[in-house]
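Each in C-alpha cells, the structures are laid out below.
Here come two complexes built around subunit A, the first alongside subunit B, the second alongside subunit C.
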Partner chain A sequence: MSLFWQCIVDSLLLGGLYSLMSIGLSLGFGVTRIINFAHGEMIMFGAYGAYFASVLLGVDPLLSLPLVSIVVAVTAAVLFKALIEKVLNAPHINQILLLFGLSLALQNVAAILWTGDARSVATPYSLTAYEFDLLLVPHGRIIAFIVAAILIVALFCWLRFSELGRATRAVAENGQAATLMGINVSRMYMLSFGINAALGAATGAISSFLLTITPFMGFHMLVKAFAIVVLGGLGSVAGTIIGAFALAFAETWVSYYVPEGNGWAEGVAFIVLLFVLIIRPKGILGQAVAVH
Partner chain B sequence: MTTLLNVEGLRAGYEDSIVLQDISLSVNEGEVVALLGANGSGKTTTMRALTGLIRPFGGKITFAGRDLLAVEPHRRVDLGIALCPEGRQVFPNISVEENLFLGSFCKRSRPDRKQTLDSVYSLFPKLAERREQKAGLMSGGEQQMLAVGRALMSKPTMLLLDEPSLGLSPKMVQILFGAIGQVARSGISILLVEQNAQAAFAVASRGYAISMGRVTASGTITELTKSGALQSSFLGSHQPVATA
Partner chain C sequence: MKLRIVLYALLAIAAILLPLVAPPIVNNMILRIGSLVMLAISWNLAANAGLISLGHSAFWGLGSYAALLVANKLGWPFFASLVPAMIVGAVSAAAIAVITGRLKGIFFAIAMLALSEGLRVVAVMTPDFTGGGAGVFVDQALRPTTETVAMVTALCAVACAAIAYLISLTPFHYACRAMRNNESASEMLGINPLRFRIAVLSLSGAMASLAGGVNIWYSGFLDPMIGFDLHVTILAQIAPILGGIHTLAGPIIGAFATIGLSEATRTLLGEQGVSLLVYGLILVFSILYMPKGIVGTWNTWVQYRSRGAVGAKVGTTKAAPL
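Now for the complex of A and B:
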C-alpha cells in the first residue's frame, strides 16, 4: 500500500515540473502558431545558468532563477526578431526546419562551450527528504513543485488580468482583429516568445538540482513536453496541465509497477503521442486547428 | 465642411489579383457615406486598405490631414479611425466585456475606457446583460453589436462599418441601424459598406457605387437611386467578377 501512495506523491510532484516544462511550448503555439522545437534548449540554458551561478558565484538556483530566466528571455526575443519572425508566414516545413536547426545549433554551442560532461547542482535540499512511515518525499521535488505552481499561477493571472495578457489572448484568437484594436502583433509575438523562453529557463533552473545537466538534455525534455501538449490540446493552458499530470502519472506508474519499469518509463511519452494522434489528434481540450 | 477622409486613385489587391483598379472617395466630418456594390466589387478590400490589413499598390489615403499609408496598421486606430470588420471578427473565447476593453487598447482611448464602456452599454443594453459571456457563444446579431461596440470603444472620429447587416434577421438589422443612426448623430463620421442598400439609405446621406474596383457613380442617395447607377452596379456588368 505504501508503494501506491509513494507513486501518487511522486506523480503529483513530477506533474508540477512537467506542467512548467510544457506550458511555454503550448502557449507559444497558441499565439504564434509555431511549434518551438528549440524550447528544450531554453530549458538547457536555464539549467546551465543555474549551474554556473551556483558553482562560480555560490548562488542558490532558486535565487538565480529570476535573472537566468530574464537573460534567456531576452536572448530568445533577439533570436525571434533575427530568425523566427522571417518564417512566420512561411510553409510549416520551413518553420520546423528552422527551429529544429536552431535547436541543434544551440545544443552544439553548449557542447563546445561547456563540453558534454554531465553536471548537477548540489544544494542543501538536494538529498534531504521528509519521511512519513515508509513514504519518502524529497525536499528538492517539493521546492520544484512549489516554484512551478507559483510561476504557472503568475502566468495565468498575467494572461487573465493584465492589459498585455489580454492582448496576448486576442492575438492568439485573431491576429488581424487584434491589429485593428491597435495591438502590435509582431511585438506581441516577440513578447510571448520571450516569456515562453523564460518559463523554459525556469524549468531548467529547478531541474538543475533534480536532474543531470548536459547540452543534450533539452531534446529529451522537448519530446515529453511535445507529448504533453499534444495530449492536452495544442494552445490550451488548462489542457497542458492535465496532459502534464497524465504523463507524470503514466511514467511513474510504469516505473513502479512494470518489471524493469525505470527504463520503460522513458518511452511512455512516445506511446502517449502515438495513441493521441490516432485516437484524438486535437487532444483533450484542444480546439481544432485549421490546416493550411 | 472639412474633409476627414480622402482616398485618391487607390489600387490594391492580393498577391496575384488586383481588386481595386481606381478608387477615389471622400468623407466629410460628421457625414455618413455608403459604399455600395455587388459581391467582389472591392468594398471590403477598400476597408482593408484603409486600415492597413493589406498594403495598397498605389494611390493616396489621407485622414485628418495625415498620410495614412505612412502610418503602421496598428497605429491607425490611435488616429481615430476604427473598423468594424466584415464577419464581425470578435474574439470568440474572450468575454464580451473583455472584447470591449480590447477595443480601447490604444493610448487614445484607454484613460476614458470606463465612461466609453458605459456609453456602449447604453447604446447596446444587450451587451451589458451578456458582459460575462464568451463572445463566440452569442447570436450573430449580438456579435455584430459587440463588433460595433468594440470599434466605438477606441473613441473614433471615423467609424468604418463593413457589412454590418450580413446574415442578420430584418428585426436585428433594424435595431442595429437604429444604433448606427445614434452614433452618426453623436458626430462620428461613418463610412458604411453595405449590400443591403435599403438599410444603408436609412442612415447615409451620400453614396458611392463601385463595380469591378472602380467608382461608377457618386452623389446623394436620391441622385443615386434616380440615376439607376445602383441597379447597374449590383446587377450589370458582363465582365467576369474579380475575386475579393
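Now for the complex of A and C:
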C-alpha cells in the first residue's frame, strides 16, 4: 500500500515540473502558431545558468532563477526578432526547419563551450527528504513543485488581469482583430516568445538540482513537452496542465509497476503521443485550432 | 534532352563501377554519399506531398534492424536481407500514414520525431531480440567485401534517383504537389489524399530503410543509438534543403554538398560538435536566405542572366525543368 501512496506523491510532484516545462511551449504556440523546437534549449540554458551561478558565485539556483530567466528571455526575444519573425508568414516547413536548425545550433554551441560532461548542482536540499512511515518525499522535489506552482499561478494572473496579458489572449484568439483594436501584434509575438523562453529557463533552473545537466538534455524534455501539449490540446494552457499530470502519472506508474519499468517509462511519452494522435488529435481540451 | 539522359546514365554506370577500381577511402565516400542520396531523395519525396519528417532515422533504424536480424537469426545473405529491410520500412511508413490521417505539417513532424525516439526505447528495452543497448555484430561469415557493398549502395542510390525521376513524369507527382499546396482543393479534383499519402510515404520509408539496411553491412555493428540516431534525421533533411527542396536534382547535389561540408569542417575544425553546429547554421541560413537551395538559386541566376542578355523576354522565359 505504501508503494501506491509513494507513486501518487511522486506523480504529483513530477506533474508540477512537467506543467512548468510545457506551459511555455503551449503559450508560445497559442500566440504565434509556431512550434518552438528550440524550447528544450531554453531549458538547457536555464539549467546551465543556474549551474554556473551556483558553482562560480555560490548562488542558490532558486535565487539565480529570476535573473537566469530574464537573460534567456531577452536572448530569445533577440533571436525571435533576428530569425523567427522572418518566417512567420512562410510555409510551415520553413518554420519547422528553421527552429529545428536553431535548436541544433544552440545545442552544439553549449556542447562546444561546456563539453558534453554531465553536471548537477548540489544544494542543501537536494539530498534530504521528509519521511512519513515509509513514504519518502525529497525536499528538492517539493521546492521544485512550489516554484512551478507559483510561476504558473503568476502566469494565469498575468494573462487574466494585466493589460498585456489580455492583449496576448486577444492575439491568440484572432491576430487580425487584435491589430484592428490597436494591439501591436508583432510586439506581442516577441513578448510571448520571450515569456515562453523565460518559463523554459525557469524549468531548467529548478531541474538543475533534480536532474543531470548536459547540452543534450533539452531534446528529451522537448519531446515530452510535445506529448503533454498535444495531449492537453495544442494552444490550450489549461489543457497543458492536465496533460502534464496525466503524463507524470503514466510515467511514474510504469516505472513502479512494470518490470524494468525505469527504462520503459522513457517511452511512455511517445506512446501517449501516438495514441492521442490516433484517437483524439485535438487533445483533451483542444479548441477548434485550425489544423494546418 | 535525349543526350542529357544518356549522359546521366553514363555517369550513373560510372558511379556503380567505380568501387571496383577505387581505393578504400573512396569507397567510404561512395557509401556515405550514396546513403545520403537515398535518404535525401526519400525525405524529399515525402516533403513533395507536404509531409515534413523529423524522424527519418526511424525508417533507417528499422531497415538496419530488419537486415541485421534476418542475417543473424535466419542466416540470410546480403542481397536477400535488403528485401525485408525495404518491406519493414514500407509497412511502418504506411502505418504512420494511416495513423496521422489528415494531420499534416506540425502533427506529422512531431509524430515522426516521437516514433524514432520511441523505437529507440523499444530497441534498448528488448535485448533478447535486438541485442539491447550493448549492440550486436553482423555475422562475420555473411559479410560481403567492402567493394560489393559500395557498388550496391551506388546502385541503390541510382535506382532511387531513377524512381524519383520516373515519378516526376507521372500524374502522381502533380497530385502530390496539389496536396502540398491545398489538400481540400486537391480532394475536389478527385485526389484521395489518404491513398496518395500512403503510397508516397511507403515509397519514402522503403528507400530510407534500404539505406539503413545497406549501411549495416558496411559498418557491421548496430546498437539503438546508431540505428535511431538523430544525426540521420538531421542529414536527411539538410541535404534536400541545401540542394533544393521539391526538385529532382536538389537532394543529390545536396547530398554531395553536405558530405563535402562535413568533411571540410571535420578536417579544419576537428570536433564532432562543430559539424553539428555547422549543420544547424546551414539549416537556419538556407531557410532564411536560400529557401530554394542550390538548384533553385542557380536556376534563378541562369534565368536572370539569359533575360539580361537577350533583353526583356519575361513572357517567354520558362521555368527550368529541374
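FYI, the second predicted complex is superposed on the first by the 290 of 292 C-alpha atoms of A that agree within 3 Å, B and C clash if a C-alpha of one lies under 4 Å from a C-alpha of the other, contacts with A are read in each partner's own complex, and residues count from 1 in each chain.
Operating definition for what follows: a residue touches a chain if its C-beta (ideal position, glycine included) is under 8 Å from a C-beta of that chain, and two chains touch if they have at least 3 such contacts.
Every value quoted in this text rests on a predicted model; they were computed, and no experiment measured them.
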item	value
Touching partner for A:179 - first (subunit B), second (subunit C), both, neither	first
Touching partner for A:163 - first (subunit B), second (subunit C), both, neither	first
Per-residue contact with subunit A, leading partner among subunit C and subunit B	C
Touching partner for A:270 - first (subunit B), second (subunit C), both, neither	second
Partner chain(s) touched by A:230 [first = subunit B, second = subunit C, both, neither]	second
Contacts of A:73 with subunit B and subunit C, given as first, second, both or neither	neither
Which of subunit B and subunit C A:107 touches, first, second, both or neither	second
In the complex, subunit C residues that touch subunit A	47, 52, 54, 99-107, 109-111, 113-115, 117-118, 121-122, 124-125, 230, 234, 237, 241, 245, 271, 273-274, 276-277, 279-284, 287-288, 291
Residue ranges of subunit A touching subunit C (in the complex, touch as defined)	35, 83, 86-87, 90, 92-94, 96-98, 100-109, 111-112, 116, 219, 223, 226-227, 230, 234, 260, 263-264, 266-267, 269-271, 273-274, 277-278, 281, 291-292
Contact set on subunit B toward subunit A in their complex	51-53, 72-78, 82-83, 85, 89-94, 98, 101-103, 105-106, 150-151, 154
Subunit A residues touching subunit B - in the complex, by the definition given at the top	163, 166-167, 169-170, 173-174, 176-185
